């Protein structure tokens, strides 16, 4: 029934390749089917003014799409002179999601910036950014721990994200672009490795949904995130 | 236990005054406790390029805060030269929420723009904007129906929104600013009058939550929205 | 002869309601006929660099119109990415006018920002902003005096403004929008309670005028400002 | 008494050299003492949308200062990414002033843009821009008349401007920069050759003035403009 | 003598992998040592206004660097709200260089946009962009030829670029970042496969050079470009 | 053969008038035929952050065109809200060229900003800006030397620039606008008085060139710069 032939609860093939750029403190290329996102982590010993002196760290994120990551070319945001509303919304989500999984006191007063740049898009770029972004973040944190700049791991529970939605009336896991553009209801679910919820964003465009349907999608999301977390762990330990 | 002395499931006093500005096709001033938002609806017979010729209508929203709607003065976005990320995120949410409750085919090929301007802020401005925005939208649609420009009501089921969160470990309804700034987990719940879900945004800042807690907040939200819908109906019929 | 049926030297009904927002140090809603402007005053103990160390205070103003304050919806300046030329010109005028009525030495080295946001427009928004802005300013200053942060009143003489113009060849007081859009010559007159002049801006669009006509308009302006000053005083003392 | 040694009612030496750039339809370099402004007129057969089909012409103006036209270097507005408030205010004034002296019906449906660029500033740049701008405008109009594209002269009465103010308590004509920076009250007076008023802008910064003083400044302005108009006429006929 | 141990006239290892993104009409990832650039070509049947109706095609380019392509993180240009001067200069160069190698009449009235996004930077990103950009362009053109939308090949002679400079007083080929940051004189040389020159940009920062040195660098550039052209041809035919 | 009737190796008449503005530390108006550029130099004792504490000076440049310096009016960059790509490219070139001729250690830790504003354009504005910019720079440096703020001259060898190109197949010196708009190959050549090269930018638009042709243009450039340097010296010593 799904355009890709996948089962309702089947994710696309996922791979995470680390060490993608030599300059970043942590980096990976995450591929969720045909969605490819390059994630890098940059450690900065300076923190934003609002946490100066608090002893707490900060994690923030920026998101971008290469102009031809999409079917038809998008205008380059740098050339347009501003980031679009969708970009702003997504990068705020990524930062908030990753921060929720960080013990900011253990991180210490420093900032880590996660850049997520979409090389090729086929649906689910924000979820791939969060999942890959956590890996880049973890690699950067490991570097700090190895250098004994921090002593207890601020990232005890992985953070991963997956989208689910109602496609042709059925709850499906990990929407690709053809499904995403058809689905009247879809959501992004961000969970930890221990199945705690970090963020649920379930929206309808021209439709509504019931609590029962919401629970079905949450069940799928828990399954998807479990699989993603295994892949994250393997990537970090590779 | 709550700073305001309210019960856990008690909303702030809510009022909606319509006909606030003489120029707009629909308008109201919604007060949810000390949060006051002015909502106006503007009908435009031209539609955005992407729906031209589709026979479908469009609803969009813009959001702003007066500089001194907040405890300390915020910089005016027009003077800064751009809308901040939070503004962009909120106005996209308002537009999406209202559209989900519209039969766009019944509306016909025209656009209605909802402007939500916060006069005084005390938490929950985006929810108040959606709830008040729906009233302004409904009044504008009623004008179109009265003028026989549309024949069947595109707004059969009201749309309203309320925030809920975990405050001091307890699930509470309709967070005000003192609660909002303390809550590690809070969510915005947008429902219809018939309790269908339109959007759930439950996020944690430096914390996580369980599915059980999520369900408790949803129960509160259903209660809150029921009360809001009664007030919306009364306002529209006043 | 006037569209509203008013006498040539008759102002529209004026009301000033204070204490409109709970956050601002001073606030009022001024209504001059169907022109409604919300004015707030914000005290800031920091001053702009160019007066640092001078011992003198500063008063500045910002002006905005809600998108649907006008007959047809105006684009939101924050969304356009800049303040238009008219906005910039008006807010400079408001700031200059209010400063002229302030003993900056008595105010002491602090800044007060007056925000004037037009809720509904029907001509004369800049004059209403100055008249209402002075009330907000006065209320904020009274707060400083009550807290004994300043000892002598820096606002001895009220400042108010009114527009006058040649409508259908006749000098008229307090132009409303239908008159304003017809008048070839109109002016904004800013005076103190003791009839000292602060600013006269009399311009012609596609016309010219004589010194005699200018003097007739000045006579009307003196009359109008006298009435406004009485209303200001009553509002401040309410 | 004046820093320059001039009499109270004495203007600085004024010269207007025409034909300064080979590309413009009209151009001049006006020197009012050490204030030097290059004015060009550009004829455009297309008009702005709001007058299309009206049969009426339009005159608009833009103003700029070269970065080192001032004592210390100003930041280049193009590099800052926007025109400052003062620039916007001035160019709107120039456009409005010149338009008031044009028979827009005789001009016909075309637009003339006056660019005023300050090469060297020493006070009074906006007045010099108006006075020189009128000459550039007149030269462009003469070209249209010579080409028989318009048949009756739309510029029957010259437009010129001069500043006056209270310096050390005395009314003085044509303020230079040292006077301008001291004067608490100063005004810009725009008149026609036949002494009709076009615009009066008399403002006080931290001071007020009486109607009597206003009349004294107007007397001076009439004298100054008479002299300027003679120089304009000579330049145009040269 | 060179930090990398390379001979004076030895290029870094170069590879070009094509078919990197599924959406673009042509794409490749070019690696010149540790400089990695992703190049995509987008065909657009609409052309810019200035060539409409000419029957000629157009090639343009845009350039960007991912924030963490560099040793320390660069601010994202989209977030800063504009492209920096260096970016603008580089993308104009890329577009001009590629256009010089195109028979615009054979291309026909359509536009091809080349996007060059630097994934990892180690010197010579603009030259790598031109060399890789030509491959992406050629692949897109081949697609047009295969579809018989164009009949004669508009890209008869490949275009490639290499940088040369004076490092420690010696002329060297293909500067990497450590050399580039030391070299007082360096140049970018853009040539065709038949050794015709397209663009020479040889600049000195705090130094000068002789015509003899210029000729030595040109000799090196001819050698480098010959090697690059072979790799381009192999990539296109792979 | 040339539209102007000049010989292939004949420059346009060149004049440099110094002391053009009273405020700048150095200034001149350079005329190369009908191309007129006003150049000013501003000394600033503060330096950009990246050289603070280095003991070295800095020279930078900004470039602009008056809107009606061209045949048809260009939009004002300040009004458009940004400098175009061509402007950015040119001002970076001017700054780099002048810096290459400066002994930054002898200049000492201060910055000199060269503003080049085109009053009238007829081809070759960037070369005229460099040639005139050097004169303004030299005059400012002379002022510093006279005030004994620097002791050894940081400008030992003049810097001048000229364009050459292939016009109708022939190498010609100092292209004017009619030639420039026809030439498929043209270059800007920046040399010192002792014929050392500073920058060569030879580009082709829709064409290519041989090394032999490049050498012919370099020969012409050497001739042109020799003549310019004599005029620079005379202007500085006038």
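Which chain is which? They are A, B, C, D, E and F, in the order written, and residues in each are numbered from 1.
The rule we apply is simple: contacts are C-beta pairs under 8 Å (C-beta built on N, C-alpha and C of every residue); 3 or more make two chains touch, one makes a residue touch a chain.
Predicted, not measured: the structure shown is a model, and the values here were computed from it.
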Item to check | Shortest chain-hopping distance from subunit C out to subunit E | outcome: 3
Checklist entry - Along touching chains only, what is the step distance from subunit C to subunit F? => result 2
Item to check | Pair in A-E, D-F or E-F that repeats A-B, with over half of contact pairs matching by residue number | outcome: E-F
Checklist entry - When the CA atoms of subunit A are placed over those of subunit C, what is the turn angle between 0 and 180 degrees, to the nearest 5? => result 120
Checklist entry - With chain centres set to the mean of the C-alpha atoms, which chain is at the far end from subunit A? => result D
Checklist entry - For the homomeric pair subunit D and subunit F, should the interface be classed as same or different, according to whether the shared residue numbers exceed half of all numbers used? => result same
Next on the checklist: As a quick test, compute the distance in whole Å between the mean CA positions of subunit B and subunit C.
Outcome noted: 33
Next on the checklist: Can you compute the centre-to-centre distance for subunit C and subunit D, using the mean CA position of each chain? Integer Å is fine.
Outcome noted: 28
Item to check | Shared interface positions of subunit F, touching two or more other chains | outcome: 81-82
Checklist entry - Chain contact graph: line, ring, star, complete or other? => result ring
Checklist outcome for this item: When the ring is traversed from subunit C toward subunit D, the order is C, D, F, E, A, B
Item to check | Footprint of subunit F on subunit E - complex, ascending | outcome: 82, 85-86, 88-89, 91-92, 96, 99-102, 104, 187, 192, 196-211, 214, 218
Checklist entry - Which residues of subunit E touch subunit A in the complex? => result 21-24, 27, 34, 38, 40, 42, 44, 62, 64, 66-71, 73, 76-83, 87, 113, 115, 117, 119-121
